[in-house]
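Inspection log for the structure reproduced underneath, given as structure tokens.
The chains carry the letters A, B, C and D, assigned in the order they are written, with residues numbered from 1 in each.
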Amino acid sequence: MSVIRLGYVHIRVADLAESAEHYQNTLGMDRVAEADGRHYLKSWDEHDHHSVVLEEGGVGLVKLGYKVESTADLDLYEKRARAFGTTVQRMSAGDNVGIGDGLRITLPSEHVLELYSDAEYLGNATGNWNPDPWPREGLRGIGVPRLDHTLITTESPALLERFFSEVLDFRAAEHLVGGEDNEDLIASWMFCSDQPHDIAFVKGEQGKLHHFAYHVDDWSSLRHAGDLFSMRDVPIDFGPARHGITRGETLYFFDPAGNRNEVFAGGYRTGPDFRTITWTMDNAARGINYTHRELDPDFLNVVT
Amino acid sequence: MSVIRLGYVHIRVADLAESAEHYQNTLGMDRVAEADGRHYLKSWDEHDHHSVVLEEGGVGLVKLGYKVESTADLDLYEKRARAFGTTVQRMSAGDNVGIGDGLRITLPSEHVLELYSDAEYLGNATGNWNPDPWPREGLRGIGVPRLDHTLITTESPALLERFFSEVLDFRAAEHLVGGEDNEDLIASWMFCSDQPHDIAFVKGEQGKLHHFAYHVDDWSSLRHAGDLFSMRDVPIDFGPARHGITRGETLYFFDPAGNRNEVFAGGYRTGPDFRTITWTMDNAARGINYTHRELDPDFLNVVT
Amino acid sequence: MSVIRLGYVHIRVADLAESAEHYQNTLGMDRVAEADGRHYLKSWDEHDHHSVVLEEGGVGLVKLGYKVESTADLDLYEKRARAFGTTVQRMSAGDNVGIGDGLRITLPSEHVLELYSDAEYLGNATGNWNPDPWPREGLRGIGVPRLDHTLITTESPALLERFFSEVLDFRAAEHLVGGEDNEDLIASWMFCSDQPHDIAFVKGEQGKLHHFAYHVDDWSSLRHAGDLFSMRDVPIDFGPARHGITRGETLYFFDPAGNRNEVFAGGYRTGPDFRTITWTMDNAARGINYTHRELDPDFLNVVT
Amino acid sequence: MSVIRLGYVHIRVADLAESAEHYQNTLGMDRVAEADGRHYLKSWDEHDHHSVVLEEGGVGLVKLGYKVESTADLDLYEKRARAFGTTVQRMSAGDNVGIGDGLRITLPSEHVLELYSDAEYLGNATGNWNPDPWPREGLRGIGVPRLDHTLITTESPALLERFFSEVLDFRAAEHLVGGEDNEDLIASWMFCSDQPHDIAFVKGEQGKLHHFAYHVDDWSSLRHAGDLFSMRDVPIDFGPARHGITRGETLYFFDPAGNRNEVFAGGYRTGPDFRTITWTMDNAARGINYTHRELDPDFLNVVT
């Protein structure tokens, strides 16, 4: 029994056509459905119906969907979430196109988190019969293979970590701590898989999105992405660079509405016996941008 | 509840000193203990006591160790294994240096598989306090970060797959099938994590080792490994090349005793909802060596 | 005064349509002209009219073109070639589409070498006004940027080296020597630029082509090429691998007619003060295929 | 007849011991001589006596050395330089440790440029007898293979370009132009080889150094360099990033005295028939930092 992965990110964008162009032609996602003024997008190596939903109007996060292993899990998570004191609603198949029954939880951070076990299976672009390692018809733009994780902001990272730990069995791979005696949890990177993070949160405004990230193959993918962003006038936040936290290789950028995206490669392998790594505030810049050891204040302040 | 990962591979080597040189100086592992004529080795990014055991005398596999999440799991696995009709013994802390109580199972393939939940924690080389992404004192040789998976041979892949599925909750990421109507399972790649494989087996002699693999960062690591193997006269089997199966990037080689090793990078992300990929025998060479689409018969025949 | 580079390779192919498909869609060259049953092809980062000519009928090399700096150079090279005892003819603008006046020399190896100083300028695909690093409309197939060098066979490498040295001012970067006291020159890699080789020759049949090579960006380009060759059933000879000689990274393959091609990356910088490196026959396999230290006899025997 | 390459950069550093540590242990150069309070350093793949000279006291450039093909060339260059109206002196073997007779020219930009044809040959670290592609004893730090180019500042790039063109036969690969009708030459990248640049100059203060650069293998070398700079507290200016100008991949950093260094990979192939590329001021940021399309003013203002 476990949460499997970040299944989808549902965001608002100022201009649907302009953002669709970014997600489809620059990032290379496919539009699999369009309904009620929303675009449903899937990366080439994802199997479920969609992983990104674009909704016109403004900017920022509408909600996150995490997929769980079975319907039975939903009952347990519901019970635990209620015991935690969280608002939980049941959602029905079709509330989200291609997604089955599930739970809609309002996190202590005021973000909406949906849990579901069923999604319409579309399969990836290479199929499951003697497949090629990538689609032989080629990829559009970066050709992101799959969604990876998200980073959200909250007034109380400690409370949110407790929720993800107690209710959803996530574990913390890394902590950023501050305050006297390093007793304040400033940020936490948590996993439900073998990755260094499937979700992360950093102290800040309730209910906001810092970024969501796609996994890409390796360091050479970041060079290609950087070139393409230049050709297509995509604003870069920082990178290509190394993360200290997660050890990943990173390039941050913005969609046309101002939502921050990341392409992320590398990272170590975790697991249930992984012992949490601690970063202290004097090393925070190095933790986030290991290469340059400095952070533009906007990196922390700009959230959507 | 789950099996976490391949924890250790215990092998025989003809000449302990010669093989120790290979594993320590060419692969870059550290010797953490030496007892009863055995060397216990650990890669720099592993946390538990050891991942490779070298025992003098001959060649081939003595046994495999897979770590499980908790002691309670051991009871369940024992019950299931007995129900499956398998020989299971209890093993005691100290039977293996640094490893706790556990089970010793004789697989239907005649390999010995040990399950354990406790291992002495040594920590990795970068620590868990504001760590660097790799040890700043540098790495020896390739500097393999961690063990990844193993491939063993058996007369009945189908039976062994059923064991790993029913007793240990592994899932099959990929199948190689043959015979009339593709009804014979020739090989199976199974995972207990999010990787494409934590263990694999291919039809062949009972109780034999085809290879065990280390995970390395990326394609450029394989170039470095190939250069180093040339400098140190390490025999290469094949690669650098792409796998069709797992999509990984690979380089196969032999230790001085003749045991086959692999350095492996890349591969996709699996999970409990992953649908098994099928390869047919007419595509077997492409599945294993996607780049060259041909296999030296020795690749299949040489096992230890 | 100097020879600038390998300007074009003119080869025979069994089936023009089939080979055009290979050179255009798999390698990514553009067809710039078609006349008299010949296809003239240009890579995206080349500026002159063409670099490869395909002529229907058989297999093998028709001739090589090397560009020289100025018309005045041609007079000197003609004089020197005659003094060397070589057959030299004048060729006229238009003898080759898009190529100016020049010399046609029958080398001591019986290959035809053309020298010319003028070629129609078409410019590369990114232009010379605020250019992108690669064409933003994307590349077809591998998208080879440019021709690099060629390797031909001759009964007397020493004689051919003397010709290239005395007549054309090439220098030897590397020698492969054999025989008693290592006095026989088996192969020579010569440069007229800063590269490790602009032409090379190995002992063998007179007048034959071993391969011609394209330069590609780096090691990750070879992975991409290998994947693509698998998708398109292009036979691979060997690689991805490291060369000992030139230190380059290599992948050898065949066009549909059986002419050997190479994609080549890396290599050191030479210059007029470079001292020739020597390889001995006991290290020949390592020199050519540093990674695997073995050569398929066909690699040496198959020429066209 | 030609200038071969940038042979050495002689700089001032505030603290010799501290800078020696940087150049030897972080960059990986070898100290080959020490005399009169100067350290002479050589990279592993260089053959001549040294390529960097460190002199205690302050910061900035003392002089540049470019190697020419033959002693006879020196006479011609002297004649041409005098005709250009430049101050030229003869320098003697031993004026610079390991360097032969030559010319000492005060450029129109007030930099001192030395030309020489002889340097003591030490050979590279892999030798010229069946060599490995890199030293099997390993590399220290980044292990830079060789010096590549330098960028200096001058009040009149046009005048300096005319000097390098008329006196030394350099050619311009790229121009950055500004002013009305783009008639002002703001910067020029010139080559005497097949590289995109062997020297470059940008409008600014007379006699100053913007940076000097080492060539490294590829994009993955920049990741390694960035990691190492973080471990060793080396200040990074910008990168890893793509250059628009030269297409190279870059990472800029500072030595302990404040002299700017670069590790540089990639770039296209030039030659005597290369047509100059033009960049306009509205694209200057993209030309220099193609990835991020923005320049910290300090990148242009900080020179030494």
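In this text, contacts are C-beta pairs under 8 Å (C-beta built on N, C-alpha and C of every residue); 3 or more make two chains touch, one makes a residue touch a chain.
Please read all numbers here as calculations on a predicted model, not as lab measurements.
S.K.: Specify the chain most distant from subunit A by Cα centroid.
M.R.: It is C whose centre lies farthest from that of subunit A.
S.K.: Using the touch rule from the top, work out which pair, B-D or B-C, shares more C-beta pairs.
M.R.: Output for the comparison: B-C.
S.K.: Approximately how many whole Å separate the CA-defined centres of subunit B and subunit D?
M.R.: Between these chains, centre-to-centre, one finds 48 Å.
S.K.: Counting only Cα atoms for the centres, state how far subunit C is from subunit D in Å.
M.R.: 31
S.K.: Between subunit B and subunit C, what distance separates the C-alpha centroids? Give it in angstrom.
M.R.: Roughly 43 Å, centre to centre.
S.K.: Quick check: what residues of subunit A touch more than one other chain, meaning two or more?
M.R.: Residues 132-133, 218-220, 227, 230, 242, 244, 286, 290 of subunit A each touch two or more of the other chains.
S.K.: Under the stated contact criterion, what part of subunit C meets subunit B in this complex?
M.R.: Contacts found on subunit C: 219-220, 223, 226-227, 229-230, 236, 240-242, 244, 249, 286, 290-293.
S.K.: Can you check the complex and tell me which residues of subunit D touch subunit C?
M.R.: Per the touch definition, subunit D meets subunit C at residues 2, 4-5, 45, 47-48, 67, 69, 121, 123, 128-133, 145-146, 193-195, 215, 217-220, 242-244, 247, 266, 268-269, 271-280, 283, 286-287, 290.
S.K.: Which positions of subunit D touch subunit B when the two form their complex?
M.R.: 132-134, 136, 218, 220, 227, 230-231
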